């Protein structure tokens, strides 16, 4: 396949108590490596697309392990080895009415020491035609926001398609800027956006009337960000920590398409569900560029399956996702 | 906080096969230390109240481990080291239509060798203002029933508020007395009682007409036990071993208050759910003495969260419980 | 009890990633020994019936372990030690919309080297009065189909009651014959059959009109296979990999009996659910020969409980199954 | 093989923290079922001899599991289901200078409720030609000592060969008798004895001069117990909890034979080492009745291999033990 | 006992791959909480002495867990809840010629944000008579070095005995000062010191002639630091990652006492061995103030046993250590 | 680095019981992917050399997982997806005098279906300068022996340096040819050989006088196989399953160089020790082409460290191996 994708972001060590234990009762932690853009990269590579992942890690065993994980998926890591530590997040699985809980310990990571000029974007983007980033990176520091912008400008200049996941986490924006002071300058480079109407004002700086339907909101976004070709959103319903419904929608500038809704009765791991959707929609739009409904169904089936898989990364294959789109759910053992 | 609580009871070793295995297929057992009153003690200590736990353990590693567990929660154990063994119960987790199963092996435990005169209640109760016990202790032997009575009389004399959980388990009453020959003499000392209308005759010796509504039954209890100020009950609905609904009610002599109902779709561990409620209502009545509804909502949210936590003891914090009372269930990851 | 049962089939090593992990992320596999007829044998032995299991295993630790498992249930294995390997299947637990997955690696197993004349059926059947087999065995090779026939002819001659589970798995029929070229010759020896209307044409060679109700289909089967006395079927409803409803029906030549329906909200392991039913109906018809409804209720309660038990084999006891038939589901801990 | 062996004794649940953890830091316990005579029974069955094991267990899952374990080895358990609990011992693995530690919790077990007249020895001994018991059983109660005597008298009358392991554990003799008040009456029935010179006075009541060499001591034993044909002893050298040397000797009334000495540099589990030796010497004397040296070498190689095996029971096969006797130690992987 | 001890230092989360795995192959990490002074505190509390531990932790589950661990030992934590993270170190167990490996990730921890004036030493030291610190704390920042000095001056003024472990780790001294620019000012307050002759110049600023015997070096130390009453040292011999010899010496100003030497043939966990010794010598000098040899033997037996125990903290009891001093090593199972 | 290496061979799934359990007592198996040449490939890639690995795997999750493992090390797998199964070997860790045990289940694997003409050697060898194979491959089938020959002829023609590990396992040569009927034709293409004098006649067809010293034997080999430039051998001493000494020698046609000897007191996993040596000597001869002693010391230090690492593959890094060569063994924790 001639599509070649570059993603850019931080990779973290995730530490999770096993068997639904709480952090305060853990005597061990299951370890995974991943985070937003790395999860997208690994999933796209699992789908069979060639993927580079640009990041920074420390010169120690944790950095090395994070790269081994990426390589095991066939992702090609483009790494700056610098700084002192791999960022960490502790994740406690929730159950029923007890919410899952993330405790971040990612400050002062190797990735957070990256600055403009440290990455040779021109070489990295050679032969690539898609660039993906998320709102996590510019939330971490002004330097990373600048670096993001640098990447986007080069990617635009070199003609890559650009996608972003807004991924708005208010707690991460700690360096004195609000999301909507930084993100608009970056989102203007995007062709594809994953976000929700709640993020209209806070992230994109686009005022929203509470009564506006989603199609109106997304149409407003496209006015402000004219490069946008598709806007996608996911929706959780009737959710507790063990089960929820999930569906998604896509606005292509003309129509708001709605996906099938899945009831997920037994969540194994919801971390990375949005990243699974993101990888799904990128794969979908590349594979069925004329069939937005199919692309959307693929993406929502991907995120549905992710909820059944431990760790941050969606291990569902193209065939498994297509089978679910075609109606072959979990009711029968596949022999 | 000036409230100081004393609880009294046995602490057991619980052995549970991991991963929903049955006892007959286990090659290992997860171990926990706990039991009715110990669970209440640990939960109250986790809520920030100063708690003493009065018990007896053998002079071996199992006894020591049970005390370490209590100390890890900040509970102050007042221990008589005597006897030969720590009591055990094996607990097999159920699933769907397979019930959880308890196999007791608690006879001849150190705790069961306690007798009147062995515990210096006056010293222990000094500076305390609340005493909690449960119907488990007097079910084990006449000596323990007598010791219970001794404690209750001293506590009454010294002006402590007294609470009890009826905790009626017919199989435990093996020493020739029925529950309703022993319990009334003890319950007359109580200000707060956790029990269900089913226990009216069998435990409290108060005849019940099947047609009586709960408020009528509880009003009858208050006539027989005039010291009672509040009676609380929990209710399970649509239950199997993996899911149930839960709610609770409180009779304060005037009104039967009803709590919100929670649907627990994925039970991690239901052992100690009643103890979590008991700790919750004690904390609630101490914290919001004028707001019985809030106390009740706090207690039922506490028991709801307990179902999501492995082991006997509720690890939910005051903030987590209040968040659930305020409507923040498990639908979102707490970041 | 004077009933003595002989079962015949292959025993496999099952390798399953723990904790719902996928095969591609496993760093260990939980191991179980079992397969269709072995599961029936072990369950019947657990019910208290004397059972022989006829099979072949290699002369190595895996063969030995599979026999130890059978013996641990009290099954008496009649074994031919021959061939080179114990067959394997990898089983990945599904969750919600992700189906469970079986990867077979059972070709060239010791069992597959069995041929006519290698087993002394006359000695084995002495004192026995029931013979059970399944459609797995004749699917594996012409030699095994022939061996099956040999066994059935001897069993018929010696007057045993004969039961079969059609167990139709299209992927296994690889040696050039279709199921309905082989199975009719074998099924004609059966008194009791477990199968579904879908298998009418493909397995039994009995044409079926899509509009026919089940009783009509089964009545047709009895015409073609006049020895049949009872035909039983199980039905899954509203199924995903984590939950489903289950019920069953029995056609005794006169009436189509329907069982109670169970909702299984949390499946622990669905492998062997059919075998648990098979063992249940054999036990039921032996125990309550005049009460087909009771036999059917016993069998469906058995399969319901199997879904809550890890591994291939139903560990539910007669008392536990009877309790569920009597309405005592998982809503209460059994103390 | 025409030899049929009966063993008699208690079977316990052993609970051991995994991975060399101490009991006080365990959050789980590995579980095994075994104890002196049960270990001998299982090992003999693994060697291919038909073995019955006479015991008592409670009517619960723990009792059932202990029997399943025995059956998995092919042992035929002759069981009285009575009493309330399966005895337990906690075993903490030692390491280097930290000794392994046993915490007993075996009082009031089902086995301890056995009395004379409860076991039908005549039926059990029919067709058997060897009876094995150990000094553990008579140490537990006067009733069990009496029952032991009853068994020995019937076995003697019926012409069985009788073996015993003195297994002297001072802490177990708690019912008011000393070992040497009880054991002589029992040992007089024995043909084969496993014991050490240290036990001469305390167990057998035979005074020993510290300067006496082992052959003199054993010759004295044979004078007092004229039925004895062989006395065997094991010797540990340079021992810490992780490594030791081991050898053994056999006095056949004429000569003191000495075995090869093994250096065990890495002990996996030393529990049951004596039982492995006992099973080895029984097998050895049955198999090579004229070659006492070979029997002894077999027994010491058996105990050597036991140290490399987790749990109470020796899983070494006849071929593995013979290979070690022939010099094939652990230096090469067996492919 | 009237001795009351205060220790001061950081507590870290330790993450170790299980089963001798390397960090790069771990899929989980065993977790422990501990570090130099915390280990001393917990061990002294296990010995039965009342101990306070002064530290700082973040307001999250990791901080809370570290305190629970301390409380479980009976240690009373005096905590300032501040800062953002609990420091971490990854520890990979070595084996044979592969060294154990520590990867620090402790910068920017809560403890590292402590400064002079933040701790109320006067209140903390009230009723205490011993203060223990180590060279780790002043190595972390100038602020912590100042805080150390503050503590030492108050302790000196209030008449406490003061002990220190030099604990020299060159990699930790990163803030621009060398150890021997900071430590002398602190060590002058000490009565008891654990250190090695290698640290003479680099830590204490006392020049050392390579040919000087240990007694000469220590005598020189006492000249420079006249408050010192005892100097203790440990010695490893013939070491690889799995085994070593260990002994210790004590200089009391008059004589260089030498301990027994232990051969540790199978190291379970060597982390915290020095801290175990430190706790041992503190306990020893308090318990046998006149018998320095006994105190030294106690301390070296304590460190010997620590090598057999997983985690940072010595779980050996006073009785176990005394038994080893008396010659009862691991050669026999303690029943 | 301009060296590019191609290796060729089978990759297997290894299943090992955890914690030194025997296969017959395992309830789970730890899984690893590896085998002779794959282990060499992964180790060389870990050393920083670019490596391709040529193999065949089935189109299922096991095949995919084996490739992920290789990719995680940076190895580039050149794979033919064909056939039905991934070969398996069960490995039971030994201990002390109990030997480790391999049970092969590798027949009919995907790799065994490879034949001449299926692999495009010319494309694969482009830009490569080293080819490595082992005697395992030609032992499996005549087709694989032919394919080996094909590869060697192309490699020779394209000027690659060629190395081989004789890896003689008599049990694998099952297709009717003896090793010395096949191997000479292949070894004649080699520049570097790993083998022992024991294999002289049986593998290489070079008669050996028992009295010949190693240098004489190797000199004879070079006469028969004139392309050989270096012959290397490893030597185990004083071996049991838990500990051994290890050293190596190298004959370069002029001199027999001897390495340092290591005592490995605590073996974690000896599988792959020879492969670790092979990777070490390849790396050594590439890195220090003029310093054979250094190359040899590197290789023997590599194999020494492998014994401390779980799984088939040496995870030691260049720096760790060099440190051991320089004398920095496991005696100190690396901080």
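First chain written, first letter: the chains are A, B, C, D, E and F, and each begins at residue 1.
Going forward, a contact is a pair of C-beta atoms (placed from the backbone, for glycine too) under 8 Å apart; a residue touches a chain by one contact, two chains touch by 3 or more.
Quick caveat, the model's predicted, so the values are computed rather than measured.
Undergrad: Using the contact definition given at the top, which chains are in touch with both chain B and chain E?
TA: A, D
Undergrad: A-F or D-E: which has the larger count of contacting C-beta pairs?
TA: Of A-F and D-E, it is D-E that has more C-beta pairs in contact.
Undergrad: Which one of the chains is farthest from chain C, going by Cα centres?
TA: Computed centres place E farthest from chain C.
Undergrad: Of the pairs given as B-D, E-F or B-E, which one copies C-D, with over half of its contacts the same by residue number?
TA: Equivalent contacts to C-D are found in B-E.
Undergrad: With centres defined by CA atoms only, which chain is the most remote from chain A?
TA: Greatest centre separation from chain A goes to chain D.
Undergrad: Taking the mean of the CA coordinates per chain, how far is chain A from chain B in Å?
TA: Measuring from centre to centre gives 45 Å for this pair.
Undergrad: Using mean C-alpha positions as chain centres, tell me how far chain C is from chain E in Å, no decimals.
TA: So the centroids are 62 Å from each other.
Undergrad: Give the residues of chain C that touch two or more other chains, as numbers and ranges in rising order.
TA: 18-19, 22, 24, 27, 68, 101, 265-266
Undergrad: Which chains are in touch, pair by pair?
TA: The set of touching chain pairs is A-B, A-C, A-E, A-F, B-C, B-D, B-E, C-D, C-F, D-E, D-F, E-F.
Undergrad: Enumerate the contact residues on chain D facing chain C in the complex.
TA: 68-69, 71-74
Undergrad: Touching residues of chain A toward chain C in the complex: what are they?
TA: 18-19, 262, 264-268, 301, 304-305, 307-311, 315-316, 320, 324, 328-335
Undergrad: Under the touch definition given earlier, write down the residues of chain E that touch chain A in their complex.
TA: Those residues of chain E that touch chain A are 15, 18, 22-24, 26-31, 60-62, 64-65, 68, 84-85, 88, 90, 92, 101, 103, 105, 107-108.
Undergrad: Could you list, by residue number, the parts of chain C that touch chain A in their complex?
TA: Result: residues 19-22, 24-25, 94-102, 104, 169, 171, 236, 239-244, 265-266, 270-271 of chain C touch chain A.
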